[in-house]
Amino acid sequence: MELRTLLHEILEEVRPLQQQGQVAQYIPPLALVPRSKLGLAVVTLDGEVHAVGDAEEPFSTQSISKVFTLTLAFQQLGEELWQRVGREPSGTAFNSLVQLESERGIPRNPFINAGAHVVDDIVLSRYAEPRTALLDFVRCRAANGAIADVAAVAEAERETGFRNAALANFLKSFGNLERTVDEVLAYYFFHCSLAMSCVDLARSFAFLAHRGICPWTRERLLTPSQTKRINALLLTCGTYDAAGDFAYEVGIPAKSGVGGGIVGIIPDRLAIAVWSPALNAKGNSLAGTAALERFTTRSGLSVF
Amino acid sequence: MELRTLLHEILEEVRPLQQQGQVAQYIPPLALVPRSKLGLAVVTLDGEVHAVGDAEEPFSTQSISKVFTLTLAFQQLGEELWQRVGREPSGTAFNSLVQLESERGIPRNPFINAGAHVVDDIVLSRYAEPRTALLDFVRCRAANGAIADVAAVAEAERETGFRNAALANFLKSFGNLERTVDEVLAYYFFHCSLAMSCVDLARSFAFLAHRGICPWTRERLLTPSQTKRINALLLTCGTYDAAGDFAYEVGIPAKSGVGGGIVGIIPDRLAIAVWSPALNAKGNSLAGTAALERFTTRSGLSVF
Amino acid sequence: MELRTLLHEILEEVRPLQQQGQVAQYIPPLALVPRSKLGLAVVTLDGEVHAVGDAEEPFSTQSISKVFTLTLAFQQLGEELWQRVGREPSGTAFNSLVQLESERGIPRNPFINAGAHVVDDIVLSRYAEPRTALLDFVRCRAANGAIADVAAVAEAERETGFRNAALANFLKSFGNLERTVDEVLAYYFFHCSLAMSCVDLARSFAFLAHRGICPWTRERLLTPSQTKRINALLLTCGTYDAAGDFAYEVGIPAKSGVGGGIVGIIPDRLAIAVWSPALNAKGNSLAGTAALERFTTRSGLSVF
Amino acid sequence: MELRTLLHEILEEVRPLQQQGQVAQYIPPLALVPRSKLGLAVVTLDGEVHAVGDAEEPFSTQSISKVFTLTLAFQQLGEELWQRVGREPSGTAFNSLVQLESERGIPRNPFINAGAHVVDDIVLSRYAEPRTALLDFVRCRAANGAIADVAAVAEAERETGFRNAALANFLKSFGNLERTVDEVLAYYFFHCSLAMSCVDLARSFAFLAHRGICPWTRERLLTPSQTKRINALLLTCGTYDAAGDFAYEVGIPAKSGVGGGIVGIIPDRLAIAVWSPALNAKGNSLAGTAALERFTTRSGLSVF
């Protein structure tokens, strides 16, 4: 079956699921996004783009942006990064403080919020212009110079972000932040507020399917071994404490965000991004997860 | 480079690592195994076998055997299995009781000991001759009719198995065992005592690399989708609470045992088994993990 | 007001509360006890007995018996006892395994089940005839040679006691039991099955109100300092994980059991026992707690 | 023996213990206090004062001040207070976030830091001039108009108080703070910085030994029943997660602070305060605890 046809079929099959689940409520601007939004995009390594539904409409990337900051930090520190953050599934909710306490301020992995704060602290220390560095990175990866952060979203998150403030203060109390709590939180809310479409996101993850080389700029961003390792982290930790279920159902390295986006890759093949705002109990897009599950089952493509 | 040459090189490189780590002490017969044992075997899907070092000497499979009982249970129950056991990484040690308490007797995944007890309970209820069923399964998969359990190992485990007795009684108290605690433990110690060589193990995992079909008997054991799912579980939960690190370093679905064995697969390609008795702090073979890391890095083969 | 009048008044006031709460269901013979049973007894140090309601009817002492075994063990080991069991409130349910794991097999205090198993192990090791020793102790304390265990209750507990079996096996795995799991559990179920009335229980606790001397036999059982210490343990740990609430409401050292009994003391004054089978959510007699709260508030007697 | 003689003897006996333990390091001004400071004061309900050693030198009250804010909040809210904070021993360190997470933002008791923040939030909401209210309260209780906070201590705590900031933000995320995080923390550091001597502290706790009436002003501050309840909380929760051990060793309601002070009461008798800066592993004054243990053992006075 032609790929575009498959994507269309999947889109129609999962559309009824949009009535289930909850649109994230704790960030007011996100709560306003209609649950009827639905987009799906596949980008192959030769640059072909297959976009259906609302795949070209930007939405809030939220935690998906953690993959970009991790790449920036990993480029600078390499394996040294793991002295300040672990790489094991957390087994608990993404914003939990419990493990942080018993493990003396070393977050379990870079995709839980505490881990992302540590990564942000590294980016802030290693890049002269950390905001510009991130914007340049995603604009080049997505081949879209219009990608930008949304100040109103960042501000709304800051105003209600007591849990993140708790985590960052807790990390600071363990000595695992170099910058001030306010700097780290400001940068965190900045990158979570990046608005990107499914097409942007699929393009921007393509280097992870291409052994670390950006398919459009031919730039080497990570070594093949480093790329394997980021993909392993995405598979084991990329979808919060549902990573086991997600690997079981979908079977590809992927990262989700509470804006309803999920982006995944199949090595040497393609990157795929989906958007549907209503979330399941674990905080992953409900219809989005179902769409990806159908994609890997029907196409027979997965990492397993 | 020729595959056999690569395996020989890897074997010599990791040999010094055998001096590090600890041979499992809590099961007396295992404590007697010399730490100098080292074997490595690759079996490709056309049946070609590459065996170096002690790859043909049988050793105690221990937790690796949980993959066989899971397959037997999954064949009978399919998705219904997940009503009694989860499929998330545990985030804690393999023999922990903590999560079991907070999660009301539903073990996190089928590879931690409590999860394996539930799987054993299912096998005991669904097979008229559960021991024969398991022996038949592994003998066919490994094409080796001589594979057998070792009563002295099972007995030694029973005598010192207070933690397993605690887990099984705890599961029983939550109503998640149908059979008696003694029956479940006896079966558990039976299958953990299976003695198999690296070649046996690599052959017996080959169906997981072959979309569920046994390459030698042509028998379909699982559907392609079921196979993907077992492989996902191996990747996220197969190496105890080091699954994140293992995925990061090695990047393939694999199962380890405290006898020092690790078996993994690369879909559509091969199965690989390694044996070195001394374990790292997480309970996985230390030199064995290093050998697999070298294999995936040098060969460029992994699921990522 | 005369003491007997006060006791009568309290009894009538709390009688309606007997409709609330749950009679313990997990031990079949206990589940059969009518929730309408209600007794209250006060024994003063000069031997005067004030008994109202069903205060002379024996019932299952259950966890109250842990105070007797603790006294027997403390008499033998003194302060050495605390190398094998702690003396802090657990903060979790009485039959929890969680802390036991993180604290390497040292139970938090001697009144949670795991702590009682360790105490039982000590009694079994230090007394030639541990059952006789316990029966002699309670018969002398209560001045009632007819007190006995109830084999049918012990047997019923053994048959459903998977949680206790889990705890004892867990202790054994940490090396904190000298005797076999079966011996310890048999002794535990034996003493939990002791049948005693409110009058028996109040009499048998009187030595704790009398600086360690049995008021009737004039025998010194504990030093004044040891007595202070057992009373402190009763206050901080005697009513499961409701000890804080119980101290707040009632304000005296006391021990409860799932048979619906609670026994407490006021130093230099009296011992008081109450019985009402229906339990609150924390496992303490609901009407019994209310009766004791009224007693300390009305009489102005408490340790605070 | 005369009381003053006893106090002198105890002082000399515990003086060598001052070499053990650690003076609190995380608040710079506290780290500068010489470990040789040692004071002991007893105040009886008729106003007699027995002061030995450095009993008249003010030191930082730290957590002891939580008893004053709790009294202010309890006066306003009564039993309603317990909707926002529990009254059970925490079983974990005083600044732990773990339970707060599993118990949805309701701190275990008012003496752990998170509980004190909630109490502070209530005082801030219920008193027009919360700082004045507290200063007036302690000055009247201690009959010492010179008692004051120490701004440099409060400022030093604020600068290093990331753990407290984490706790307060966490409470806020659960909706259990009405005021801003900054207001609550400022008030918390204010009252922790109160400087008082052993004599001041013993005098200021005397109402808790006197059924709620201030012995000097004759003012009723709490009802007898409320007083019993605060004393019960002090006994079960007043000395961090060592409350069980402290009750066992000392056997009186008491509150400790990391400044090295401990204040306790014996109902209808006296209040006693001790100061020695070096702390044991649980954060209670090491020599101070030993002094109180000797006092209750030698005098035969305790609540048990």
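Chains: A, B, C and D, in written order; residue numbering restarts at 1 for each.
We take it that a residue touches a chain if its C-beta (ideal position, glycine included) is under 8 Å from a C-beta of that chain, and two chains touch if they have at least 3 such contacts.
None of the values given here were measured: they were computed from a predicted structure.
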Inset, instruction - Could you tell me which chains are in contact with chain B and with chain C alike? - result: none
Legend entry - Geometric centre distance via CA averages, chain B-chain A, whole Å: 32
Inset, instruction - Give, as an integer number of Å, the spacing between the C-alpha centres of chain D and chain A. - result: 47
Legend entry - Distance from the mean Cα position of chain C to that of chain A, given in whole angstrom: 55
Inset, instruction - Give me the residues of chain B that touch two or more other chains. - result: none
Inset, instruction - Using the contact rule from the top, write out all pairs of chains that touch. - result: A-B, A-D, B-C, C-D
Inset, instruction - Within their complex, state which residues of chain C touch chain D. - result: 86-92, 99, 108-109, 224-225, 227-229, 231-233, 235-237, 241-245, 247-249, 251, 253, 267, 296-297, 300, 302-304
Legend entry - Touching residues (chain side chain C, partner chain B) in the complex: 96-98, 100-102, 162-163, 165-167, 169-170, 172-173, 181
